[in-house]
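Listed below are the structures to be examined.
Each of the next two complexes has chain A plus one more chain, namely chain B in the first and chain C in the second.
Right, the complex of A and B next:
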């Protein structure tokens, strides 16, 4: 047995991991989620705002992180729409325009009363990494003259009287890296005190923890937090219970559990081999 | 034929055979092949005398016989291309191979072209030309531009800097590109220095100044909040001790530094755990796409009800 694991070709491990993730998907395995205090703090930051509040949704991610971050972005958008908040979409990532468009398509399908220009606006992509954040905190229209369709922001009712994003009641950032949540903290949240919440990839989450709660009101870290958020949203808004699109992260937790158990077993086996080899070499 | 090629050939034959059987089964069951995408025609009536605008929105395959619903060849090719590219990238786990190289090259090329086109339209056309030549842009590329907008001459500065930047492509005078580069580096360093000092230094010190004994509303000690605050303050202190190299790490300092390195290791472990979670989530998303949209083995969103 020892020799078998010691000489095991790593490609068998890849195959086993593939099966560990694939089988729960094929079998539709689901597990209950209990929202953590951190997830509740993010939920309350959006839910406690008065109806019709201004919310900036900065979706700074691309298709490479979509599997992890799209459920968060969709949950944030749904919650804002259910609370009748005014949404201002933008992105600092070139492929982010597609991610924003997906949220807008979802809004059009699930909330047909939501009207473009009155209830939400798509300000599109801004190049320059953190540069646009630095500009829009003081002068929005200096950095973003028009929406994604080329219509001047002065002609759109939602943005006509908007001078800068200090007038936002909340910034929601969904971030896959640079530029992302850290830059929003550095250039908007900390210097101007604009309340900010973030949804981030697992890789980023530990690095952003020190900003909570003073510089970031709350954060959804990785798919686990997204699943808890979806559960909380369903608990608070039961009309979403039958909406399968609103349960994407919940579906992904089945494969997560099996894959994590498998990985723990691999770590235990690897350590056991290491210690046995060390003892034999003495 | 060597062993590697034999395995590749077997995998290809097995995969191709499975695809054919799956497609045949789906066709006999539903009258359509897996991976097919159907769209609903949506006609938007314009306000003026302009012709109506027709858009197409993805719809359920089970509605394919309804009026206004048609088969979308381009979107179907998209689903098949995405699925085959995913498999090509996964094939790298077996070893480097031409399929992986092809998928990688396509990804790099498409990403670069996409970023360039988006950057051109949003920054050069909308931001630069829209501010320098508003009347011309209104007549040509940006009909929605505000009619009251006039030329903003300060945008001549970024135009000149931009031209200087691409001067490096010219056969001579490449040194001219160093000046705008120096400007950008200097400006970025200045902007970042201030922000990092405020957010990552001063504010982080502020975040660590915490009461070690937390009292609740009824003036009793909140044990868990107190333990949490003590852990944060102690953790920051011992981690800083580890990075303090002006004193030899022996005795009390050595013991504290050792605790510091343990805490750092626990943090790295947590980061690794989060990374694993993220990667598994991405793998699950891709497999869900393959099983659902391509192979039609599962239907979590009930898109094919009634098929």
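Right, the complex of A and C next:
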């Protein structure tokens, strides 16, 4: 046994990891989630806004992190729609346009009464990293003249009277890196006092912790927080209980649990081999 | 001249942006500078495209090692650019049905959407998902408790790995009933905090936060001093090493 693990071909590790992730997905393993105070603070930041509030949804991520961030973005969009908030979508990442489009497709499917231009608008992608943020905080139309379909923002009821994003009641940023939540905090929420919440990858969340709670009201870090958020959303809005799309993060917690336990087992085996070898060499 | 003009542009723009932040009268100057920046950033995409084509073509013509990959990059780039610009498979928008090009380039069912949905998206997701396999292999081979620091790191990793799943709650489900047996609020609170998910929260909100705050403040001070050096022309490394 010792020799087997000592000379273990890494392809066996890869195969075991594949099974650790695939089996819980195939078996539909689900676990209960208890929302943390941080997740509750994000939920309340959106839920406590009066109906019809203006919310900017900046989705700054790409397909690489879609698995982790799409459930958060979808949960935020659903909650805003359930609260009848007015949504302004935009992205600072070129592949983010498709991520925004996915939320809009979801809105069209699940909330057919929500009307484009009246309840939500897609302002698309703007190049220049944090540059567009610096501009839209004082003059939105100087940076974004038209929506993603080329219609002038002056012709869209939702944006006609919008001068800048200081008029937003909340900024929701879902981001996987630069430009992302940090830039929104530095150039929009901190200097102009716009309430902001964020959803980020597990890798990025420790970097954003120093901004909570003053500059960022709250943050969802990684798929675990997304799952807790979905649970909270289902508890508050029971109509989502039958909606499988609204439980994507909850479903992903099964593979995460098995994969994490598998990693711990691997580390323990690796260390056992290390200590046995060290004792033998003495 | 090649270095002086960019230096003046960078310094002027930088100082305008700083002044615009503090003096409301000059706010519009800052807006103009940012509008220019955004236009230049958009143009940079075009330059980037040309640069990519130049480099890949050079690699192919020189038959450098890996030139086949350069060919794949180039073909993919040209195809994606063409189907996006020519709006291949795009149906006219409802607003302007008489104009065949009025539909969105990334409309569902269009060629660009197809490339994105069935090539770019799965390839990107696959690259990221492969990390799980490499992390597993690396954890098995390299994560060793060789010294005290490594042991602390290992224990922290175990707590966070378990605390970020239901396994943490399940394994330490005995904590809350045990805490209830203590009359002292201090002891009760101390034991309650031992549940793995709460312990993970403590690690993130106390130890990680303290470290990150220090690092963030350090970075901010570094950025401020570096920016000043750039604006005052002391640091000219960003201009390259070309002679006047």
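Quick note on the criterion: the second predicted complex is superposed on the first by the 281 of 282 C-alpha atoms of A that agree within 3 Å, B and C clash if a C-alpha of one lies under 4 Å from a C-alpha of the other, contacts with A are read in each partner's own complex, and residues count from 1 in each chain.
One rule holds in what follows: a contact is a pair of C-beta atoms (placed from the backbone, for glycine too) under 8 Å apart; a residue touches a chain by one contact, two chains touch by 3 or more.
Just so we're clear, the structure is a prediction, and the values are computed from it rather than from any experiment.
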First, second, both or neither for A:263, with chain B first and chain C second: both
Which of chain B and chain C A:271 touches, first, second, both or neither: second
Contacts of A:31 with chain B and chain C, given as first, second, both or neither: second
Touched partner set for A:149, first chain B, second chain C, both or neither: both
First, second, both or neither for A:8, with chain B first and chain C second: second
Partner chain(s) touched by A:19 [first = chain B, second = chain C, both, neither]: neither
Which superposed partner A:49 touches (first chain B, second chain C, both, neither): neither
Set intersection of chain A contacts, chain C complex versus chain B complex: 14, 17-18, 21, 64-67, 95, 97, 105, 126-128, 134, 143, 149-151, 191, 202, 205-207, 210, 221-222, 224, 256, 259-260, 263
Complex contacts: residues of chain A adjacent to chain B: 11, 14, 17-18, 21-22, 25-26, 28, 64-68, 94-95, 97, 105, 124-128, 130, 134, 143, 145-146, 149-152, 154-155, 185-187, 190-191, 201-203, 205-207, 210-211, 214-215, 221-224, 244-245, 251-252, 255-256, 259-260, 263
Complex interface listing, chain B residues touching chain A: 57, 93-94, 111, 114-115, 118-119, 122-123, 126-127, 130-131, 141-146, 148-149, 191-192, 195-196, 198-200, 203-204, 206-207, 267, 270-271, 273-288, 291, 297-298, 300-302
Complex interface listing, chain A residues touching chain C: 8, 10, 13-14, 16-18, 21, 31-34, 36, 38, 62-67, 95, 97-98, 101, 105, 126-129, 131-132, 134-135, 138-139, 142-143, 148-151, 191, 202, 205-207, 209-210, 221-222, 224, 253, 256-257, 259-264, 266-267, 269-271, 274
Complex contacts: residues of chain C adjacent to chain A: 17, 21, 27, 30-31, 34-35, 37-38, 40-42, 44-45, 93, 95, 102, 104, 106, 108, 116-117, 120-122, 124-125, 127-129, 132-133, 135-137, 139-146, 154, 157-158, 161-162, 164-167, 169, 197, 201, 204-205, 208-209, 212-213, 216
